[in-house]
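Next, two complexes with chain A in common: one pairs it with chain B, the other with chain C.
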Partner chain A sequence: MYKALLFLHWKQVRFALVPAVIASFGLPLLLVSGMGSPNGSPTASLQAYQIVSELNDFLYLFPALAAGIGAVLALSAWNWDHQFNHVYALSLPVTRFEYVLNKLLAGFTLALIPAAGLWLGAHVASLSVSLPVGLRTYPNQLAVRYLFALFLMYGLLFAFASGTKATTVKVLSGVVGLVVLGTLGNELLAGFFPYFADTHVLEAVMRTLVEAPGPFQVFTGNWALIDV
Partner chain B sequence: MNSAIELEGVGWSAGGKGFQLRDVSLRVPMGSIYGFLGPNGSGKTTTIRMFMGMMKPDRGRISVLGRTVPKEMKQILGRVGYVPERPHVYPSLTVREQIKVHSAHYDLWDQGWCNELVSRLHLDPSRKISRMSKGETGKLLLLLALSQRPELLVLDEPTDGLDPVVRRDVLTAVLDYVSEKNATVFISSHLVHELERICDWVGVMDGGRLVAELPMQSFKNGIKRLRVANAPEVPIEIPFTLLSRARDNGRGSIETWIVRDWEPPMRYYFDGVGATVRDVIDLDLEEGFVELLRSSRPQHTNGG
Partner chain C sequence: MSRRFWPVLALGLFATAAPVRAQMPEEESVQERMTRLWSHIDSLAPLVEEAKAARDARNARVEDVRRIVAAESAAVDTLAIGLLTVITPVGQVEVARDIFSEVWTEHFADIDRSPAASDARFVFQWSDELHPIYVEPGRYRAGIEQSETVDRDKIVQMVRDAISTVLYYDLTNPYTVDGVPQPRSLPMWTGNNPLADRDWADTYRSAALTRSIAARDCLAGDAAACASAMGLDVEIAEGDPGVWLAPVFGPERGLPRVGADRIATWYSPAERRERVRALGATAWKIDDRQWESCLQDADQAMCDSVLRLAGGLAIPFDGEVRSSLVAYALERGGYGAWSRLTLDPTHTPTEALEYASGVAVDDLVDGWMERVLEARPVSYGSLVPHGALTLLWIAFFGALAARSTRWRLG
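Then we have the complex of A and B:
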């Protein structure tokens, strides 16, 4: 069943996956193009600083690309099922758990392709650049982080997209409701407790989610291909 | 006799004033070809989705091939071939790819039989499903269902919208399979004449209720139109089921009665109540079906 679902997912997403792989492969190369100088240069430390700071401006592209590809994979995973009201899946002699698990695994497998593209691109980029003393490349670490980000976004949106339209509306309404409630509640609480005038609840929640050890920390961590 | 499908007091409501299934109890004998008749929107597809485990009833008990729905759905679906009302196959795949994907889920898949059906039904394996006609898609769905070698074949309006040639191909393939495998077939349709030729049991749905369930022979032969003279005002202890009665316009004491479960000796009943049967007219299946539906619906009086 896994192979069949992998094939179905591939058929569904293949045209989106090709540019995704090209982008994953090309992004590290693009970032290091025209960078670096011979080792041991007298101005090495200054150049090292320039390299790292220039790269830092563009590092957000890695998690953004991972999130985008993860989203495409997740939405395409359920596209056909929604189109046919899940009738095909429900008529198959498999439990719902088995079906969902195999579908999830098929998507994880496809996520390996852009991750492999990035890994390869990062290695080629590492070999193509001459770095001053004190700087190193981290292609494997970057690829692993990229893969985790892909998995996380895919898994999250896969679960989200598996529901009916009604479920989607409920979840989105819930999130919007919480944001509104958090904002208004914060204003209200600030009137009574000075602590809330300086501390925003929603910001605190966001920080908890994206900073270590939050579940989305992989997106905000160190994405540097070149670092000290 | 064992039942291939058994529903007992199944009820379901879409909520509010929406569609309801009302206390549906039906029994499909093993090895039979069961025609499930009813007008559009009568609850045929909903009933099928109930026993296929796709929808959960609010109340009642369902079993298919001796197993409980929905608890043992995986085991049940491995033995059931299903052709849904609307095509559910993936349009981007070719016929060959769809067969490959589908076969991966079935232990009893018969590839030899599948290949034979591909040529018998004149399907092109390399053709993309999105480019196939409605008839070709219908044949593909049937091919997928038959190649599983199912014990029970559930066909939801399988020939709806197909041309007569394709319709015949589809029904012939079903009949050939049944005669070879002695499988049970549950086939829903609103095309009465189509089921007349092939079914040996019939169930009639209307307004979310099962209004009749009987052997096809009884359905064909047992529903009559009687022309009765001097009919009693309030008939008592009638040996048949009176579906409807109406006074003939301008004919004095002559009434037309539509009856079910009729047998010739029942004429003597009318002698006993001072009435006379002038004519006994055979209704064809379609007329019988219409009369059955008419009698099952609430009567509306004109003029308040």
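Then we have the complex of A and C:
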């Protein structure tokens, strides 16, 4: 069952995975290009500050790439089912739970491919730079975080894609409603409850989502390939 | 308009201007003008005295109003906690005592004497209804006045910040010689408050990101390089650092006065060129020839000269790192170290640190280096618990997917 679903998902997404793997492998290399030996100086350990600060400007690309690939994997996982009105799945002698679990695991397996690409790229990038004392590279940690981010985005959108359009519309409407009411309603509430004068509902919700134990905390942690 | 109008107008204007030109004095030099104005300065004294008296009278009236309003507004109590005097509304005595005692015991218990803290009044209110609280004039008023929506941790942090700010005045207050205020060399050297909330991992980060060969040697375990990068023995020109002030006060304010040999131990040739590049071609007192000579011809003497002229020379370790050495000295010195550090304003930074810590400066820097290296931050340290949490969320999303109503079977 698992193998069949993996093969099916692979057929659906293989062409999209090629650029994903290339991007995952190339991004660390792209970020460190020209670092470690500025101006062709033989003293490669010149600018620790420059290395870290320049790298920091582009660190958001790692979670962004993970989110993008996770989304592609998740949406492609259910594409085939939606296209043929779930006839194939319903004809199988398995429960919904087993089917979803196998499909989820198949997607996780495919997510390992771009994560492996990033792991390899991060190692090659680490070997290509000569760092000053005090700085280190973290290719393994970065790859693990990348994998978790891929899994999370895949899991979230997998849940969305598995549901009906009505469910998706309800959830998205809820999000939009929260944004609108959280922005406009806060001032109104502050008139009645002093608590809301100092507390912004939307900000508080966002903070809850991106800080531990919120679901998106993996996206907001340290993504540095080179750090102290 | 008549054709005769313009010549007549021009003649009229010339006739009007001629007497004015004749009345103008001979051009006066700046020095002469200063001397002339200086000789008349006494005439301003009565006006100044009158203005001062008016100001004092106004301030006295404002103080009266404040005192009356405060007296009618709320009953207050005065607490003595450590060296601090805290004024708070009667209803908040317990909470003020709790928070101030906690902060004092945890962070400042080794301080045995502080003129600044004894002189200051800490006004504490943590309530939705804030009252005007009167503090007698001439005393420093450190206010921690927040609404109840602010959580306790933030209030504790504010109290800590307020106390360390007040205590820092012990270090920065100038002393006088023959009535003339003199700056203290220790605060000019540290730049930052050593009593402020400190994360040693941040200190390590600042040290690791310092663009200096001496700093890198320090992190590699060379204590002598640490001492050099600290610039403890370096004379610093009086004033606040800031290149933007250079056109007004000269570029050397707040910056070290050092020779070429010291510069060479601080910065590699490439780093010196980078510093010059960072100053920009339009920096004060730099001309194109100097700029090109340093950056294109790699003339090190010219780079050093440009750095001095344009204020680009700085002690490698920044105020964050330097003040951490003072914090470490206080830690080593234990009880009474703060008063020893601040007691003699004429002490050089090295003397003050040795006196406060009770150890020679070399040993102090050795210990500091070990402390900083131990504090190296662990990047990705929280990955394991965060990873486990992420897996839990993924399991939750998977469960949501399994419960979809699209299927009616199974």
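As a convention for this text, the second predicted complex is superposed on the first by the 212 of 228 C-alpha atoms of A that agree within 3 Å, B and C clash if a C-alpha of one lies under 4 Å from a C-alpha of the other, contacts with A are read in each partner's own complex, and residues count from 1 in each chain.
Everything that follows uses one rule, which is that contacts are C-beta pairs under 8 Å (C-beta built on N, C-alpha and C of every residue); 3 or more make two chains touch, one makes a residue touch a chain.
Keep in mind the model is a prediction, meaning the values are calculated, not measured.
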Comparing chain C with chain B, which touches more residues belonging to chain A? C
Tell me which partner A:W80 touches in the superposition: chain B (first), chain C (second), both or neither. first
Does chain B (first) or chain C (second) touch A:V94, or do both, or does neither? both
Applying the document's definition of touch, where does A:P213 land relative to chain B and chain C: first, second, both, or neither? second
May I ask you to decide whether A:L8 touches chain B, chain C, both, or neither, giving the answer as first, second, both or neither? first
Show which residues of chain A both chain B and chain C reach, each in its own complex. 86, 90, 94-95
Name, in rising order, each residue of chain B that touches chain A in their complex. 52-54, 73-78, 82, 84, 86, 88-90, 92-93, 97, 100-101, 104-106
Chain C contacts chain A in the complex at 128, 147, 149-150, 204-205, 207-211, 216-217, 219-220, 268, 270-271, 274, 376-377, 379-380, 382-383, 385-387, 389-391, 393-394, 397-398, 400-402, 404-407, 409-410
Chain B touches which residues of chain A in the complex? 1, 3-4, 7-8, 11-12, 80, 84, 86-88, 90-95
Which chain A residues qualify as touching chain C in the complex? 39, 41, 43, 45-50, 52-53, 86, 89-90, 94-97, 99-101, 104, 132-136, 138, 141-142, 144-145, 148, 151-152, 155-156, 158-159, 162-164, 167, 194-195, 197-199, 212-213, 215, 217-218, 221-222, 224, 227-228
